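Letters A, B, C, D and E mark the chains as written, and numbering starts fresh at 1 in each.
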Amino acid sequence: MLLSSVVFFPALCALLLSLWPVQKLLKSFALFLSLIEFGISLFILSQFDVSTASLQMVEKYPWIERFGINYFLGIDGLSIWLVMLTTFLMPIVILGSWNSIEKKWKGFLACLFVLQTAMIGTFLAIDAIFFYFFWELSLVPMYFIIGIWGGQRRIYATVKFFIYTMLGSVLMLVAMIYMMFLTEQAFGTMSASLLDFYRLNIPFVGGQFFSLQTLLFFAFSLAFAIKVPMFPFHTWLPDAHVEAPTPGSVILAGVMLKMGTYGFLRWVIPLFPEATEYWAWLFIFVAVLGIVYGALVAMVQTDIKKLVAYSSVSHMGYVILGLFSMNSFGFTGGLYQMLNHGVSTGALFLLVGMIYERTHSREISKYGGLANVLPFYSIGFFIVTLSSIAVPLTNGFVGEFLILLGSYASNPVFTYVAVLGVVLGAVYMLWMFKRVFFGPESVLIKEHPLHDLSVREYFVLVPLVVLIFWMGVFPKQFLGFSKTSIDHLVAHRSDYILMVQGQEGKQP
Amino acid sequence: MYNLNWFSQIGLQHYLLLSSALFICGMAGVLLRKNAIVILMSIELMLNAVNISFVAFSHYQSKLEGQIMVFFVMTIAAAEAAVGLAIMVSIFKRFREVNIRFFERLKG
Amino acid sequence: MISDAILFWILAFLSLSAGLTVVMIANPIYSALALVMTMVSVAGLFVTLGAYFLAGVQLIVYAGAVMVLFVMVLMLFDLKNEVYAFTQGLLTNVVKLGCLGLLAGLLAGTLVLSSYQSQEIQDKVVAAADQTKALGQLLFTQYLFGFEVLGILLLIVAIGAVALSRSRGGTHHV
Amino acid sequence: MNVTIGLADLIRVSPMIALFISSLIPLTVKVLKKNHEPSPQATLIQGLGGIIAAAVLLLTVYFVLSTGPDSTAFADSIIFDGVTLLSGLIALVAAAFSLMLMYDNPSTRGNQFAELTFLTMSSVLGMLVLSSAMDLVVMFIGLETMSLSLYLMIAMSHEERLSKEAAFKYFVLGGFASAVLLYGLSFIFGSAGTTHLSEIIQKTPELITSSRLFLFGMTLTMLGFCFKVSIFPFQAWTPDVYQGAPTPHSALMATAVKVVSFAAFLRIILSQSFVVSENLFDIFQWLAVLTMIVGNVAAILQNNFKRMLAYSSVAHSGYLLVGLITTGITGEVSFAASGVLFYLLGYSIMTLGAFALVSLLEKSENDSISIESLGGLSKRKPLMAFCLTLFLLSLAGIPPTVGFFGKFYLFSAAISQGLIWLALWGVLNSVISAYYYLRPIVVMYMHEGEEQERPMEASFPTQTVVIISAILVVILGVFSGPLFSVIEGVLS
Amino acid sequence: MNHPLLIAVLILAPLIGFLINGLRYQKNSANLSGILATSAAVLSFFVSVILVSEIFSLPQESRKIVVQFFEWIHVDSFRVNFGFLLDPLNSIMILIITGVGSLIHLFSIGYMSHDHGAAKYFAYLNLFLFNMLILVLADNLLVMFVGWEGVGLCSYLLIGFWFKDSQKAAAGMKAFVTNRVGDAAFLLGIFILFLTFGTVQFSDLVAMAPSVAEVSWWGPITLGTLFLFVGATGKSAQIPLYVWLPDAMAGPTPVSALIHAATMVTAGVYMIIRLNPLFLAAPNTMAVIAVIGVLTAVVAACIGLLQNDIKKILAYSTVSQLGYMFLACGVGAFGAALFHLMTHAFFKALMFLGSGSVIHAMHEEQDVRKMGGLKKYLPITHATFFIGWLAIIGMPPFAGFFSKDEILGMSFQSPYGNAAFWALGVFGAILTAFYMTRLMALTFWGKARFSDKLHPHESPWTMTLPLCVLAFLSAVGGWIGIPHVIGELLPGHPENFLEKFLEHSILPILDLPKAMPTMEYLLMGTSVLLAALSAYFAYTMYLLKPEWPKKLADKFRPLHELVSNKFYVDEIYESSLIQPLIQLSKNIWLYVDVNLIDKTTYVVSDLTKGCGGFVRILQNGNAQTYATYISIGIVLILSILLMR
């Protein structure tokens, strides 16, 4: 029941909130609910057994029996932190959007909570169609969040977001259905369970693009690559981020992009080991390209949010680089980088949102000298910047280091290029920091009576800052939960099989 | 002489060819005529062509089902004509127009 | 046999030329009259095929009732002699005609080249009365359901036409 | 030939009889009241009562009286099997909903509601005949009964200009297509020597290769049905007619007519023509693909909401044709057929809902609902806006709605038969379709300041239709598994 | 003694100072902040004195304190603890860092007394100490990297301390980014070494370093050490990454003294010394280091000749001196490098602080052409600066003489060195003597060239005290490393204390030829003599014959232009690297993102819409047209059926 509750409690919250009779206390109530949800996830964390790579807390009920589709939830080391990230960010997002959302609070909160259900569901669903269900469902609330509460070009951005992501995922649906029939051929009964998919032996022919495993591999990869987003499918991201309201950006960058990388980790890599091996170069190439490209393009942006958005492209490139290095460093680093990116980019978007609330401008050129006017805000921003450019002792460093190490171990040449991202990352972030916070105070700043962080904003930022350093200094506490799963994946990548805890002995 | 035989020995084929010719004739009416009522007549023509073919089949296979079919088709054709004319009348009374080009408001 | 052939050719010529007249002639009244001609010749063809009952029905229902309806409506509309029979548009008409020609060719080719079951049939001369009886039997046994529904259809059409005439824009305002 | 027709046959067709008799009630009442329009509520209740009675009888006949697939009546000319039951039920539900819309809609309510009710129910009668016909003759008669009633209904609209045009176009093209279909039937009769479907099905595998006449006949017949279900290139009438006709009628045409036409089409396709004739199979695959594309790309540019829905209905026909083709190549009522019927059910519900909302928005008979005019709906009628959003998302195939699962079953079936490229076209097209389905949502929720002054009357039946449909869209989506099993069980 | 506690106090004292001052961010009491920070630094200094004495008390072979705090990263075979190591090598470093650091903290109290951001300043200074201590105490490469990046960060913050001035902020950024280039290479070095040896612990790496030198350029050790060296060039401002250091003078002067002269910039040298067995195993790397070092020494000195900003002169001087240290490393004289590192820390910190005192007195004037004759206004500053001058130009017996001499001697004698290195080194020394004398002459001697309104006065004791202490150290600091040849001449024959102290930390150069005293005297004498001559020449030129510089400049116009514009290196970087990169970025954004990818999407969507438009055109509303479509459809389908 634990996993069901963590998945569907937010949906219940959405319902409760939309039926909430008065405007009063609405936000507080929502905050309270999101904290309860966080509490549930903490309880799951406390119950989590780190010693096994098997799926835990499994819940499996038949859903569409005709096709072997199940209501199938399970958690393991690969998903636990992503769930935690989601539940952790939610109260922060609600608190952070306290003043930035001006209208239709009820609808907004409902969207947010439905989105949370969809995201957590995506991380926990072990059944293909069930997974796809949440995967597509997550589009809808985000579509509304960007479209209703977004900026000037919100409609363009939100439609682009929706169509792009949907385009990727429909091919995945076809591939999933195909694999269900493959299970029918192989085991006699149709099944959409990922665990059965893992047991499939999909024929692979090296040089041919039009061979079964390669095609399935690319069908899945396209969906995830668009979500991540990988170059050259990234152009929806800057638009979506720029137009989305602050909470939307935070959730989008913080969690939704991880759905793509998680997809690679959970689906693509274990399901299609040969194809992954064979095509890894392509993904590494594209990832490295994305790292450098994202950084370069971020450098010349004039809009802070766009800059952060492109930095996401660069950072997610690291994650992909790590995952496709396919050694424990890469996997661990990739997984860790997902969390880091969630925390630091989430924080960046929150910070950008805070200043946007005050000045209503995101043009870098209109800023200047903020550090003098808003010292504490600047400190917060600076710490997050450090995390983003992966200075040691912040979380970013651990992930980036492991990724690059893993990548060097498997593919030195590409790493030489990827390392450029380390330099360029500093360039674009610090350049932006310099232009916004240093120098003489700009007209814009002088015109607006600015006040430094409010108590609420401290509550938003302090947990993130604490987490930045915590994750940077004691990564072991986090990685310990995922270690067994990653070791299992590394050791059995070519014949990956996942068991359900308590049923390891039995053959399903 | 095959040719002479073909003219003197009337068989199923002849009826079918005639039927197809009439059918095409009717189609041409539907496709080309400007007057909506003539278009209705052309549809009747097509149905008649079909009837010939049914009866011919019925005759040459000595199966009466074909004739039943024709019987039904005739009735339906009558009903169709009634409906079509009723619609036309109601349109004409209101708009004084039977040119098919009149009906181009709905498009795109 | 020859007489049959001659009869067929005459009727075929009549029906086809009348059919073409329906399509070609500008004045709708003439079209209607040509259509009557076609129907009559089709009735004649039915006779050559031994379907006497149908020939009768064809004359009564079609040439009689339906065509009268048409003519009446045409009279009602009081359409003047139209100058152009066809809709304008050279290109579209060429396309239409080409398409029809192709279709005609296809059908003719297929019909000519097809082989037919029981091409030469036993010349079973059945008395008109017997055949009609058989027809009736078939109609009220095997095709009873269709027949009943057809009846309902006629009722529907009758009521519907009346209703339409009484609707807004119809002939009879209430 | 020994044919006996007795009481049993009459009982079998009792749904149709019930429908016919109850359809006469409003008219009789009107006549008895000396041609004064009876109270519309009473008429509506009578109509709905008749439909419900028919539905109940249909269920009774199927589950109580018939034992298996051979439950035919009237000398095998009609059959009561799963296809009949399901398509009949969907058609009845759709008719009931449409009737409720007619009660409210400005272009249909008022002094001819009794006649309209009669014609609607007659049309449904035709649908039942069509969906149960096992004889080509009966099939044709059913088709005509359905169509002629519809022509009359459309022409009777209070709105004069467009609906008359729609009726005329529908009539001319319908008549034309009927003639083509009949011509095809004559060929089939000529080469197979029978009009009975089961005999034809038996003979098909042999005849379709040996007799070109039969092949032509089969093709022309199928194309006649393609016209009814608006498959490219026979789809051209659809947008015009759906747009011009009164909204409830469009709803009826888009749902009930399509459902039963597909059911009849299904019967013909089960003749294994696709299995035998590779050509026919290929042609229909392309038709399916083209239909999807044409429907979707044209819908993108539409501004009239009804017209957009019409094009979307064309696209959905394309998806359904994929399912039909899959059924065709399996050559038996299989899980593909269940997919088709499930999709029809889901599609009918969401389309009805969408049309119901259009109907709800119409103020006068001359009103046309552009997509822009939906602006601000989320503020004025949040619940209705939410329902419309659900319908549109469902049409686009987004979970958790029934539209997603419908597509899932349909494309699963296609994939299971190796028609992956059709499934790919299908899913790609659903992406295109998302583009235009999102537009009304954008307008409703995301445009500001262009709020339309469009006070809506609180019309109870229409809103009921909307809400029931919305609930069904979600419920049938989430619990589609059991439902699908039921459908599959009924069909086999 | 409780070593973990001591080390923890040593490292954490500045951190706590940082936190306290950081939280007092906006408090406007400069003195209190300064006292807090200084006491933290002094506490660290005392603790390091205790620790070093501990080290001394241990037997010579096992002079090593290792402390492991907690496991930091552990993934698969990669395992890194937050571990620290204290041995003779970094005892010297921590003494320099905390000692000189404390002095500079003290100096800063006076220097920053009028600044509003004093609390922030001291917080950063403490944070720097913290990071620097982590850097030198780390027992593995990764923890060293923590400090490595940390000091870079503090440097960034302190250079951009007066961030209201965009140029200063830009200088900070330049420093950080240039350092980042080095850091990225450093990371690659770590990867290569880890993947080669399976560890990043210094002790393991040193132990595993092969005794046989690696010949190939692409061998893992050569590659790894080369990358580490690139990291060092960034941190220690060597060619080609030295450009940030002169700009870094934008920061407060004490910062320049501490970070950009005494401690941080020497981190690269320290790292190489720390890993000396590994570098020795890669002779190719050694050669590269030596060449880069000597080139930097000469080039930076050249640029220094014609600079007019007092701090810039010192900055180039620092770069040049660092070049000497790398030369020493490159020729295998790691001890000499460390020695010079130490003496340089003394005299360069002294000179920077002295310049700070001058600037303070001159009200933020930094141009030497507008000074002159300050000797009488700032007697203490002048006196101490004078000692520093003697030390840097290598006059015996001041500190610089011993260390520089050792380097030059080794560059000649060592198997890795050769005459060219020595000659270039001596040339650099001549240049050094010249520009330093020029600095003295223009600043302190001659006539005053500033306006009368300015009344320079000597600084308070908090500023002069550190000057005095550093002057003392600059004078005598060299005596701990007296060369044998000189030691033998002196009474009591003092042995080379430093060499002995480092005996177990630094690999001796194998087959070092036995030093010939005459040879050494010769070398020594030559360099001292040449330097003295050069100094005299400069003295003449700038004091006695002030018209000479202009004449010379006119005569060698192009050369003068070239040198006074710092060989246009900044401009070349700007035009060949930075601008193209920005242009490239703008272009790829514009062309790839906006025009290619987005346009492609638009084209696809427009194509779809175009198809829609086509369908709409076909849908012309005419029923006959529709019937035609039906007919065409039928014809086509039937003909396809027939044809195939």
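Following the convention adopted for this analysis, contacts are C-beta pairs under 8 Å (C-beta built on N, C-alpha and C of every residue); 3 or more make two chains touch, one makes a residue touch a chain.
Just so it is clear, the model here is predicted, and its values are computed rather than measured.
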| item | value |
| --- | --- |
| Touching both chain B and chain E (chains) | C, D |
| Chain hops separating chain E from chain A, counting only touching neighbours | 1 |
| Central chain (distance from its CA mean to the mean of all protein CA atoms) | A |
| Per Cα centroids, the chain farthest from chain A | C |
| Chain pair with more C-beta contacts, C-E versus A-D | A-D |
| Chain at maximum distance from chain E, centres defined as averaged CA atoms | C |
| Length of the line joining the C-alpha centres of chain D and chain E, rounded to whole Å | 79 |
| Where chain A and chain B are represented by their mean Cα positions, the distance between them in whole Å | 66 |
| Rounded Å distance, chain B centre to chain C centre (Cα mean) | 5 |
| Chain centre separation in whole Å, for chain D relative to chain B (CA means) | 27 |
| Residues of chain E whose C-beta touches two or more other chains | 616, 619, 621-625, 627-628, 631-632, 634, 638, 642 |
| Residues of chain C engaged with two or more neighbouring chains | 87, 96, 99-100, 103, 107, 110-111, 116-117, 143, 146, 150, 153, 157, 160-161, 164, 167, 169 |
| Shared interface positions of chain D, touching two or more other chains | 137, 141, 144, 148, 152, 155, 160, 164, 168-169, 172, 176, 190, 193, 212, 216, 239-240, 301, 435 |
| Which pairs of chains touch, using the document's own definition | A-D, A-E, B-C, B-D, B-E, C-D, C-E, D-E |
| Residues of chain B touching chain E in the complex | 27, 30-32, 39, 100-101, 103-108 |
| Complex contacts: residues of chain D adjacent to chain A | 335, 393, 398-400, 404, 408, 411-412, 415-416, 420, 423-424, 427-428, 430-431, 434-435, 438, 441-442, 445-447, 480-481, 484-485, 488 |
| Partner chain B, residues of chain C touching it in the complex | 1-2, 4-5, 8-9, 12, 15-16, 19-20, 22-23, 28, 31-32, 35, 38-39, 42, 45-46, 48-51, 53-54, 57-58, 61-62, 65-66, 69-70, 73-74, 76-77, 79, 82, 84-87, 93, 96-97, 99-100, 103-104, 107-108, 111-112, 116-122, 124, 131, 134-135, 138-139, 143, 146-147, 150, 153-154, 157-158, 160-161, 164-165, 167, 169-171 |
| Complex contacts: residues of chain D adjacent to chain E | 168-169, 172-173, 176-177, 180, 212, 215-216, 219-220, 223, 227, 232-234, 236-237, 239-240, 277-280, 283, 293-294, 297-301, 432, 435 |
| In the complex, chain D residues that touch chain C | 1, 3, 5, 9, 13, 20, 27, 35, 73-75, 77-78, 111-112, 115-116, 118-119, 122, 125-126, 129, 135, 137-138, 141-142, 144-145, 148-149, 152-153, 155-158, 160, 164, 190-191, 193, 211-213, 216 |
